[in-house]
Structures are given as C-alpha cells and as structure tokens.
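Here the structure is laid out as structure tokens; the discussion comes afterwards.
Naming follows writing order (A, B, C, D and E), and every chain is counted from residue 1.
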Amino acid sequence: MSHPILEVQQLNKSFGGVIATDNVDMRVTQGEIHALIGPNGAGKTTLISQLSGLLTPDSGEIIFQGKTITGLPAYEFCRAGLARSFQITSVFQEMSLLDNVAMAVQARSGHSFKFWKNAKKEKLLREPALQYLEQVGLAERCNWLASEVSHGERRQLEIAMALATEPQMLLLDEPMAGMGREESAQLISTLNGLKKDKTLLLVEHDMDAVFALADTITVLVYGRVVASGEPDSIRNNEQVRQAYLGEDDN
Amino acid sequence: MLTVEGLNTFYGSSQALFDMQLEVGRGEVVTLIGRNGMGKTTTIHSIMGIVPPSSGRITYKGVELIGLPSYKIARLGLGLVPEGRQIFPNLTVNENLIATAANTFSKANPWTRERVLELFPALAERLTSMGNLLSGGEQQMLALGRALMTNPDLLLLDDATEGLAPLVRKDIWTSLQALKKAGLSILVVDKNLADLMKLADRHYVIEKGQIVWQGSSQELRDNPSIKDRYLGV
Amino acid sequence: MEASILVIQLLNGLQLGILLFLLSAGLTLTFGIMDFVNLAHGALYMLGAFFCATLTIYTGSFLLAVAVAIPLTALAGYILERLVVQHLYHRDHLDHVLATFGLILCIDTLVHLIWGPEGIAIPLPEILNTQVEIFPGIVFPTFRLLIIGMGLTAAAGLYLLVNHTRVGMLIRAGASNRRMVGALGVDISTLFSGVFALGAALAGLAGMLIAPITEASIGMGSDIIITTFVVIIIGGIGSMKGAFLAALIIGLIDTFGRSFLDDIFKIFMSGEAAETAAPAVSAMLIYILMAVILAFRPQGLFPPLTR
Amino acid sequence: MPEATIGKQHTAVKWISIVMITALAVIPFGLYLAGNAFWLDIFTRLVILAIAACGLNLILGLGGLVSFGHAAYIGLGAYAVGIPVYHSTYGGMDAIASYNGFVHLGLAMAVCALFALVTGIISLRTRGVNFIMITMAFGQMMFYAIVSLETYGGDDGLTIDLRSEFPLITLDNPVTLYIVCYLSLLALVFLLHRISHSRFGLILQGAKFNEERMGAIGVNCYRYQLTAFVLSGLICGYAGFLLGNFTTFISPEMMDWTRSGEIMFMVILGGAAALWGPVIGAVIFIVLEFVLSEITIYWHLYFGLLLIFSVLFMRGGVSGALSRWFNSSRSSGTQRQA
Amino acid sequence: DEVKIGFITTLTTGAASIGKDQENAVNLALEHIDNTMGGKPVKLIMADDGFKPEVGKQATDKLVKQDDVDFVAGYIWSHVLLASRKSVLDADKFLISANAGPSPVAGKLCHENFFSTSWQNDQTPMAMGETLNKQGVKSLYIMAPNYAAGKDMVAGVERTFKGEIVGKDLTKWGKDAQLDFSAELAKAKASGAEGIFVFYPGKAAGAFIKQYEQAGLRDSLPLYTVFTIDSLSLPKLKEAGMKSVLGSSMTQFWSPDLDVPANKKFVADFREKHGSYPSFYAAQAYDSIMLIKSAVDAVGGNLDDMDAMRAAMEKADFDSVRGEFSYGNNHMPIQNFYSRKVVEDADGNWTTQIDQVVLENHQDVYASECKL
C-alpha cells in the first residue's frame, strides 16, 4: 500500500554558475526511510532546503500529500507537515534544552497570540517536550542551556526539535554527523522506531547508518540523480561506487 | 613533543576536565576518543589557549603554553582543525586559505595553495565562492586545508571528517598517513575507530573529563570491554 | 547658463559625496568590517579638525598641519581602542552603542575644556583659497577640487587594502570569527588596534578637510554621524564599494534636492506651498531615500556577498 | 546547576522589584512632604520615561529589535494632547478640538498604532543595524514633518494651555499626576511580566535568538513581531500622552533621534534582559543627569565616564550586574556542598 | 534677605560662547551696581539650558520651585523661552527675556509679568529691508535656516524690502544642520541678484562666510546679514582671514560704538576685563540686570510689591546701553534700529560701526495682538 507522500518534479536551482539542483525527480513513499546520498557539494542540503521552503527553486514542483507547496514560505512547509533538521546546528543557544523543544511543541500547537498565561508552566508544552528529549537521550540535561552542552548533544537536540513539530515527514540533514558511536546507534534505533508513522528523508555520509536504515536510496551527483533504488542495488552500482563510496569495502 | 599534565578546566563553575594527562611524541599520531560531551574539544581548546585551564601544565617543545595567547601558541607550530569547521564566512575559499597561511619554520616542502587544491580538487572549482556558501563537506575540506597552510608541526584534528563523503574521508586518512610519514605529529579526535586504528600509534579514551584508558591500537583491538564501556561499539 | 549651473551642482554633489565617503570609509572599517558600532567615529572627525586647526595656527601652514594631525588622530584612535573599544568587540551592538555614546560625551567635554566652546576657523593658504575655471564659465573653488582628489585617492587605496591584501582578509576574518583567527596564529588584537587607528585617521582627515569650509566646532561629529551611518547602510554594511557609491548618491541627491526641489515642486503646486514643502522634503530626503532603499533591498544596495 | 541559576535569578528579580516599587513610592513623596516640590517633578518625568523605556524594551529586550525611532511615538502622544487643546483654545479643526482626556488618549493610541503599523510593516523587513537605522529614519521623517507644521509652532513648539480633563481626577495636581504615572508604570511592568512568560513572549524571544529556526518549526515570526512593534509604539504613545500633560509644553525636539537614543540608553544601562531593567536605567539616567549637572556644567564628562565604566564592568546593565551579584553570593554557599 | 535672580543661558554645547558672553555681562552689571538692588544684596543663580527646551524648562522649574528666585532672566533661544515661560509666569515671578523674541510672546501670549530687553524677531530684518531700500538694492537672494526664527527673519525682510526677491533657500537646521552651502551659493551666483541677505546664527555663520569667500562672491554679490556677524564671530573670522566680511552691512538695535554714556562704560569695562568687544547678547544681558535693578530700587527692596515693580519696569527708567527707549503695551522695547558696517578699528580688531538710523522708535507689529 504505497503511494508517494512527497513528489519532486523537474526541480532546478542554481547559484550563479553553480547548478546545485539539476532537473531532480524524486518520489518518497509514505512510511519509508528514504536516504539521499552523494559526494560533498552534490546538492543534498540545497535540495533539503528547497523541500523545507528555505530556498525557492528556480523551476519545478514540490508536491506534498497531493498539494503543490512550491514557493510557500518556510513556516508553511512546516505547517504542512514537513520538518527539517539542520546540517549546521541551528538551535536556540540561549535557551535551555527543554525550552528549545517546548518552543517547537508550541509552534505545532497553533497560533501564539496568547499574552497572559505563563507558557513555561503549561503542561501541554512541557510534558511532550520532555518526552522528545528522552527519545534522543537528553532528558537528564533538559535544564542546561543549549550553548553549554557539547557539539554532539546539540546535534541530538536538533533532532528532538524536528520531532517535536510532529511532522508527517522528517527531513534530516546529516543527523549523525558529530555524534559519537553510541549516540549514533541510539539514533538509528530511534529512527527505526519512528518508521511506523513517519516518513523520513535522510541525508547521511555514515554508510553504516544508511544501509542499516534505508528502504530506498537516491544518489545525487553534481545536482543530478544518478541512481535510485533498493540499498543493495545501490551498493553494487558501479557508478555510485566510483563517485561516492570508493572502490573497496562498503 | 606535547605534554599535558594535571589539567583542570572549568566552564564557569562546572568542571569539564579533571586532572587530564596526555602526551604526543614527535611524528606520532595519537587519538582522543570518547562519547559526546566527555571533554575532547575542551582538551583541544585548553591546549590552544582558547579556553584557559585553571591548573595543570601544558608544554610543547619545552615551552609552557598555559597563559600564552592562542596566536602565540599557534605560531609555535600547532595547527587546529576545529569542531564545526568554523571557516570564515565572509572570505572566499581562496582567501580562507591564504589569509592565515604561514611557514614559520621555513619548511622545505611547505604546504601551498596548489598542494591543498591537489588534495581537495573540489575546492579548486570553488575558489571564488564565499566560505559560507560551500556545502558542509566542502567547508570541512577548507578547514583542513587552512590548517595545513599554516605549516604546523602538530596538527589538532577535532572531528575533522565530520560530514565528509566516504571517498573523501578515505583520501584524508591516506594523506594523514603521508603527513605522518613526513614527520608531522597529529592529535586526532574522531569517531571512525576502524580508520583510526590503522593510522594511530596510541589512543586515549576519555570519560567525563578524565583519561580512563590508554594504549596502542593493538591493545585497543584486543580489549573489547573498553570499546564496549566507553565507546559504545 | 542652465547647463553650467547643472555642472557646478554636479561638482558640488560630487565633492559632498567624496567627503561623506571619507567619513564612511573609516566607519566601514570599524563598523562594516570589524563589526564594532562606533558612534564616536564623529568624535574622531572632530578631533582631527581641532588638531588641524591648532596646528595650522601654530605652524602657519595648513598642509603641514594636516600632515601632523593625521598621525595624531590615529594615535588618539589607537588609545581609545586600547582603553575601551578592545574590551567590547565580543559584546553585542547595544553595548557598543552605549559605550561609544559615553565616549562622545567625554570627548566633546574635553574639547570644550581644552579649546573652549566657540570653535576654531582654519585659514587656508592663498593658493587654496582661490577658484579655478575648469571649463569655460565653470568656476569652482580650488579647495573643493583638492577634497575630490584626496577622497578618490583614499577610496582607491582602501579598496585595494580591504579587498586585495592579506591584511584586509584578516580584518574580515577577524570580524567574523576572532577566536579562530587567533588559533591560526594571527595576532588579531594588534591588527584590530591598527585598523581602528586607520579608521580614526580617515575620520580625522575628513574633519581636517571640512574644517576650512565650516570650522572646527564642538558637536560637529554628532551632527554628521547619522548621515555617515545612512551612507554605509544604503551602501550595504561592510562594502567599501557600496560606501563609495552610496556616498556619491547621497551627495548628489542631497545637492540636487537642495538646488532644484523647489523648482520641481512649483510645477505641480503653488509657489507658496512649494516654498514650505521643498525645504521640509529636502531635509527628509536622505531618510526617505534610506527607507525606500531598505524597503526594497533590506540589505542595502551592495551588500557584501555574505551577510 | 543551571536549574539553580534560574531559581536564583527569580530571587534577584523579586528583590529588585520590591526595592523599585517602594523607592518610587516613598522617595518622591518623602521629598515632596519635606518641602522639596521640585523632586516630585523629576520623579514624574522619570516615571514617564521609564514607561517609555519599558515600552521600547518589549521589542528590544524580548524581541531583539532595536528601534531607534521610539521618540516619535512619545512626540505623537504628546501632540495628541497639544493639538486638540490648541484647537479648542484658538478654534479650528472642530473634529478633534477638545479638552477631554479620553479624546486625547484615544487619538494618541490611534495615531501611534497607525504609525507603528505602517512603519513596522516596512521596517521589519530588515534586521540588525539596518532595522535600527530604518526606524530612526521614520522617526526623523516624523520629526521634520512636525517641524514643518507652522500652525503648531514648528520647531518652537506648542504650549499646552490646559491639561487633559478626566472625570474625578485632575492632572493639574502634581501629586495626582504622579500617582497616575506611578500606577501606570506598575500596571505596565506587570503586563510585560505576563507577556514575557506567555506564548507570545516566547515566540518573540525565539525569533530574537534564531529566526531561521523559528521558520523551520513552523512559526511566521513577522506577525508576532509586528504585533509587538505596534504594542510597543502604543506604550510609548501613552508615555507621550503623560509627558505632554506633565510638561505642558511640546516641541519636535522631543522626537529627535537623540531622544530615541536616550530611551534606548536607559534600557541598556538598566539591562534589557530584566523586567525592571528599563526602570532602573531610567532612574539612574535621570537622577545622575540631574545630580551631576547640579555639581558642574562639565557633567557630561563624568556622565560619559560612568556610561563607559558601566558597559565595561557591568554586563547586561545594572540589573545584570545585580543578579550576578545575587547569584555569586548565593552559589558560593551551595558550591561547597556539591 | 536678598534679591534672587535666576539667569538661564547656554553654558554647554557649541553655543556656550554666547552663554559665556552673557554671563560675563551679567557679572559686569552686578559689579557696576555693587551687587545691591534696593539696598539688598543680589544672589545670582546661573543655569544652563543645554540648547534644549526640555532642559531649559527643567532648569527653570528648579529656579522657581527649589531656589525660589524673584526674577528669571536670560533665554537665548525662542523654543527654550516658550517652553519655560509658563513655569515662571504661573508661579507669579517676573520673566525677562535677554534675547529671544518670538512673535507669540509679543502678541497673543503677552503677559504682564513678561519683559524683554531685546527685540521682537521681525524687527531687525525689517530694518534690514529698509537698509536695502536705502542702498538702492533692486534684487535680492535670501538664505536662512529652515526653522521658526529663520522663517521670521525672512518674513521680516520681505515685509519692508521693495525690490525683487530672485531666489530663496531655507536650509536644513537642527541636529544635523546643513553647514555646506556650496549648492545654494552656486544658485545665488547664477541668479544675478544684486545682494544676498542671510541669517545664520552661531557656528553656521563662520561656515557661511568662509564659503562665501571661497566662492569668490565678495565683489559680485554684496553681503547683508542679521544676527550672523557679531563680536563673537568677528575675531574668529579675522583669524581665518575672511576679509570679505569687511564692509558688509547688518542691522541691530545697538552697537559697541553707540555714543551713550552707559554704553561707553559698559564696552570699555567689558573690553578691559575680557579683551574683546561685547556682543549684543552681552548688551541685552547687561540691560536685563539694570532693568531689574530699576524695579527693585523703585520699591526699596520690598519684593512683595509686584505691582509697583511692574510699573517701574514699564517706565524703562534706567540707563540702557542702547540709550533712551520705552516699552510698548506688550512689554517689548520701542527703540531705534541702526544699520552697521563691519570695520577694522584703530587697534586692528574687527568690529561694527553705526552707519545710520534706519528705523526710529520702532514698535513690533504684534503689539496690536496683545490684550494688555
């Protein structure tokens, strides 16, 4: 029972002379983990940014759950159910981890023209936030400021915030980067657990993680899709091995 | 060449390093491994004078580093590839490379822009792009290139392969191997244990700001309990 | 007749623009590139004017005075940097604003105490106090031509310095990430002191060039500082090219507004109304210009490629 | 341990609030009863400016939007008193000619809201220093517009012959006027306290810290920022309404950018992060200004030096320094136990 | 028990030189009267208005409420005077303007306790209009700052000048005032006018004169000024070698060379003490003290007798440095206006010299609006 939740048609984006997205077509099926890999500078982040509304494509369509959402502002993408994490960590440094996530919960829960009630005491915001922190293993540190935790911990926070917006689909830009082995392993299992009700688009250079998680893999080189399919077919694809994986093992 | 003894470092009132010790010999590659938030970056920042340690000794080629400003430490021959890349966003790739380039010790075969571009051909196509417009991986290459262009004797790599494609990562290990042969000492923080074990001579495992284990690659390989307990492998 | 006044106003606008550029160039260094909001930039401009005025009267030669006053202003800038500014780079803009406002108050009062409240007029040497006939029928004060020349030279020099030397790169790098520049072996604090002194010298030079036209007076710096900020905002913060072009644009628009706005207004309103509206609008002109430009280009006209 | 920090800040804030509330109530009346009528004037002015500073701090402290044009709202608020009074005294403009305080207040609010809305829509497209400058530009336009209104005295200003009339209270009595201002300030600070902890306030703060991130979690910051901008303009307009009634003389001078600067300095000096920061700033600013200028005409020198020292040695303004002081004196005890 | 006089002037900012001159004159006046009025010692409190109406008003409030003075005098600037007048008059004190003379205080806002020892703004430029007529100037270019007083000055000239006004520029004033007049001077030169009338007070004066000189307009476009060239600016202009002001015309109610005994003494003593000619600001400040003394003397020091003091002042019965004058119903002086020329005196100082009387016993035009 698989129909595409996200469909990308003929997407193009260039910066001056650099063609970062070159006629990309892609379909992501409901409930799958779809990995996006490719050499550095292939245009993966650029693609994610377009899918999250931070960049506007030069041409092409983005269709999410049957609706064309191309050209809408970033917050509308998120409202439509598409959330992202950032490759270069982007959190509220001056706030505690809990507040960071609570902010995302609040954003999800509708408009915020509420001037009177103390939001820091709202159970409706705090409790789910704590749960998401627990999910990524940060619950103990929930009262630390984001600027005071280590790089890897901030990467985990990044994921928790994306989760907290309760998206139908998560766009994760190198979630494992900067995380230690144990943390990566934990994240892999978290993501696997999400699989039931969320669709994931995962950009990652950690091939262990990719092959452990992905149902489908799309390979991007110089902005173009060069291969797309099951993990095994990709692993054995000669072109992919040369351009990305390297000749020998994995 | 580099000796760290009894190092204690605080952030405000919370202590991040407890009696830290480590040593890097000439031409040696040493790793510092541990889970997130254990104090690896703090150690490196303490060495570079970015975070001032409150007590302890750090000597490099016999010079006491504590109390020196970081530019003086760098000029002694330490090259840093920082966590999170930290390239200069408002400089072009070319400028990022040459702005801080130096050859303080007049090395015979110094790193030049050409050599760096040979190592990272991807950068050659981006020479006039502003630093912050690069992709994550390109930025990482640039950060490495930038450090090499200061022609250091001791290279400090803090998660230098984060976000690099497998192929590039492999290239980097290869070139580090070459650098090691050329006599460069390296202190590396990374999570790719397999690669590290091939490259490095010795390893330090750090847990909650303390060294809890040290030994050679072989010893580490033979000691699954360490890997299990501290590295979660 | 009509054409010649047009040419003269063009030259006047150019000269005003160049003068604004000299001021904004220093500010572009300290604010645009080093990211330090220096309200006291105007105070250095004033100091330059006063140093030059005193020296001119003391030595009897304007040019000699300028030659001595420039390093003197740079020194003043250097001292300020070491005493106050240096400790504030890593703070946020509001702290800069408050501290440099404090500096303005101090410097203005000190100038009052040293030179008295009335200000000093600077006599020009005979050769500069004349007019030249540039084209037939177009006579222009020699000194204003000198200003244009000096300004263009400074512009060229700065462009090269900032965009094509390692010092320029390091300043920009240091502004975005001081810590990293230090960790790569560059003594950033000495470099910044030097750049700040250079910015001060430029401001001082502008003051020395304007003083023979107006005079060295207390508060001259605070009067001009807003216009200077307007210039670099319109140009795009941090861009030397932007500052230069914006300065020229403002110089020209301001001059032409003052010269022809009432005539233009008279086309579509009564003479009486035009006479009240024109000066009011020409006073607002640079603000209107800035608001319009920012409304359409929030980053200014020529923002550097990054933010 | 950061958990504890938050708790401690609470005690600091509590103490500061209590001190401020009592000081502002006791000192001026004490001096007034001691026969020093002039100090009541100083404090009235101070409280009014504190209201304006709090208004500015709604966007500056919470939202990180540094407006350099807020004096314009004070001016508009004051002219909303002056112009109707002028016309009811000298005739003309029957539509607004009135001595009625509600008319004045309504006019002030309407004009300020409109001006804030129009300029906010444009200004909020920019950020950082460009925002500072574009708000200043709008302020200056308003300044020059008022200067060119010759009917109302141009830059010579306008004397307000009669104060706003309200049922039951008369603002002509300086004590009544002070009480009105004082209560307004208390109410305002309480309101801001609520706002800063509300959902709305959190959104503003989030936008200050990381606007891109806010978009990515699905928040359209612009609407919230614009609302805050208008609210803040309204508060300053209210301060202007009070100021007009207090000085009974208004001039474009009060809308000049340097005035916007002074309000901003009060906020920074007191500490933008704290609720009472702007009030503390206003107190220090006004009292110092008065006391120093009594001592010497060269008081600017000392005032300037004090500003510089306060920036160098008191991060986060006076309130920042105070709460740090509270923290350190408390935590040195807890540290040992840990 | 003493006579308390508050004197508000500008002691800081660039305009402080005016305040200093007034302060010197006031002190000289007190010296001349042995610091006594009506047998009582005088206590003088100087206060600074910082060139800002709000600061001026606050200083006034303090004088009235805290120091409880009997007279408040001074006020250089119209807006400061307008801001402060209510505070003084509401407290039932005398207010004496030693310079500012905006039209409202002469007209609809006139008050029984308000007196002026200066003039109403329009009068001096009206005298200038007459001077221009007398000198046969047919076409005129006008420049002034764009603010209330500037517009008053322009209106004043226009009221009496009979020739054609071929161009007019109102330049930006205020904090970021325009001080570079190149564009306007170019226009003026191109306009072909026979003379240029300007009003530029304070530091703008020096700036204007210099650019006028640098543009080489001395011969082609003779200069006529009001409140622009005075004893404060002339020494500076001389130092800077601005010879083009020599011979230029201006109008004023007073001049250092006015042949009146009180003036001779004032000017001589002032020069001896301070080495320079007093300015008209100083003259007015000196007169304000003398006016107060005449009132206090008349009641023999009984400061409660406001009515008698007022009556005494209305007589203008003291030795004014401007010679004989009288008060109109609005308490503004009715006095002569002279045209003056800038000359070099015997010692090489630059000063002004009376040319002729242009308006005799002139009363301002707003007196009729005053209901007193």
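Here, a contact is a pair of C-beta atoms (placed from the backbone, for glycine too) under 8 Å apart; a residue touches a chain by one contact, two chains touch by 3 or more.
Everything quoted here is computed from the prediction, not taken from an experiment.
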Chain labels contacting chain B and also chain D: A, C
Chain B to chain E, fewest steps along touching chains: 2
Chain pair with the higher count of C-beta pairs in contact (D-E, C-D): C-D
Farthest-lying chain, centroid of Cα atoms versus that of chain A: E
Farthest chain (mean CA position) relative to chain D: B
Distance between chain centroids, defined by C-alpha means - chain A, chain C (Å): 48
Distance between chain centroids, defined by C-alpha means - chain C, chain E (Å): 35
Interchain centroid distance [CA atoms averaged], chain A/chain B, Å: 29
Chain A and chain D: spacing of chain centres that average the CA atoms, whole Å: 43
Set of chain E residues in contact with two or more other chains: 12, 146, 174-175
Residues within chain D bordering two or more other chains: 147, 150, 257-258, 298, 300
Residues of chain A engaged with two or more neighbouring chains: 148
Residues on chain A engaged by chain D in the complex (per definition of touch): 52-54, 73-75, 77-79, 83-84, 86, 90-96, 99, 102-104, 106-108, 112-120, 122, 143-145, 148, 161, 164-165
Chain D residues touching chain E - in the complex, by the definition given at the top: 36-38, 41-42, 45, 143, 147, 150, 153-157, 159, 247-249, 251, 253-254, 256-258, 293, 297-298, 300
Residue numbers on chain B that touch chain A, as the complex places them: 11, 34-38, 41, 83-85, 122, 126, 129, 133-138, 140-141, 159, 162-170, 191, 193, 231-233
Sites on chain E touched by chain C in the complex: 12-17, 20, 146, 168-172, 174-180, 182-184, 186-187, 190, 203, 206-207, 210-211, 213-216, 232, 236-237, 239-242
Chain A to chain B touching residues, read off their complex: 15, 18, 38-46, 87-89, 148-153, 156, 174, 177-185, 205, 207, 243-246, 250
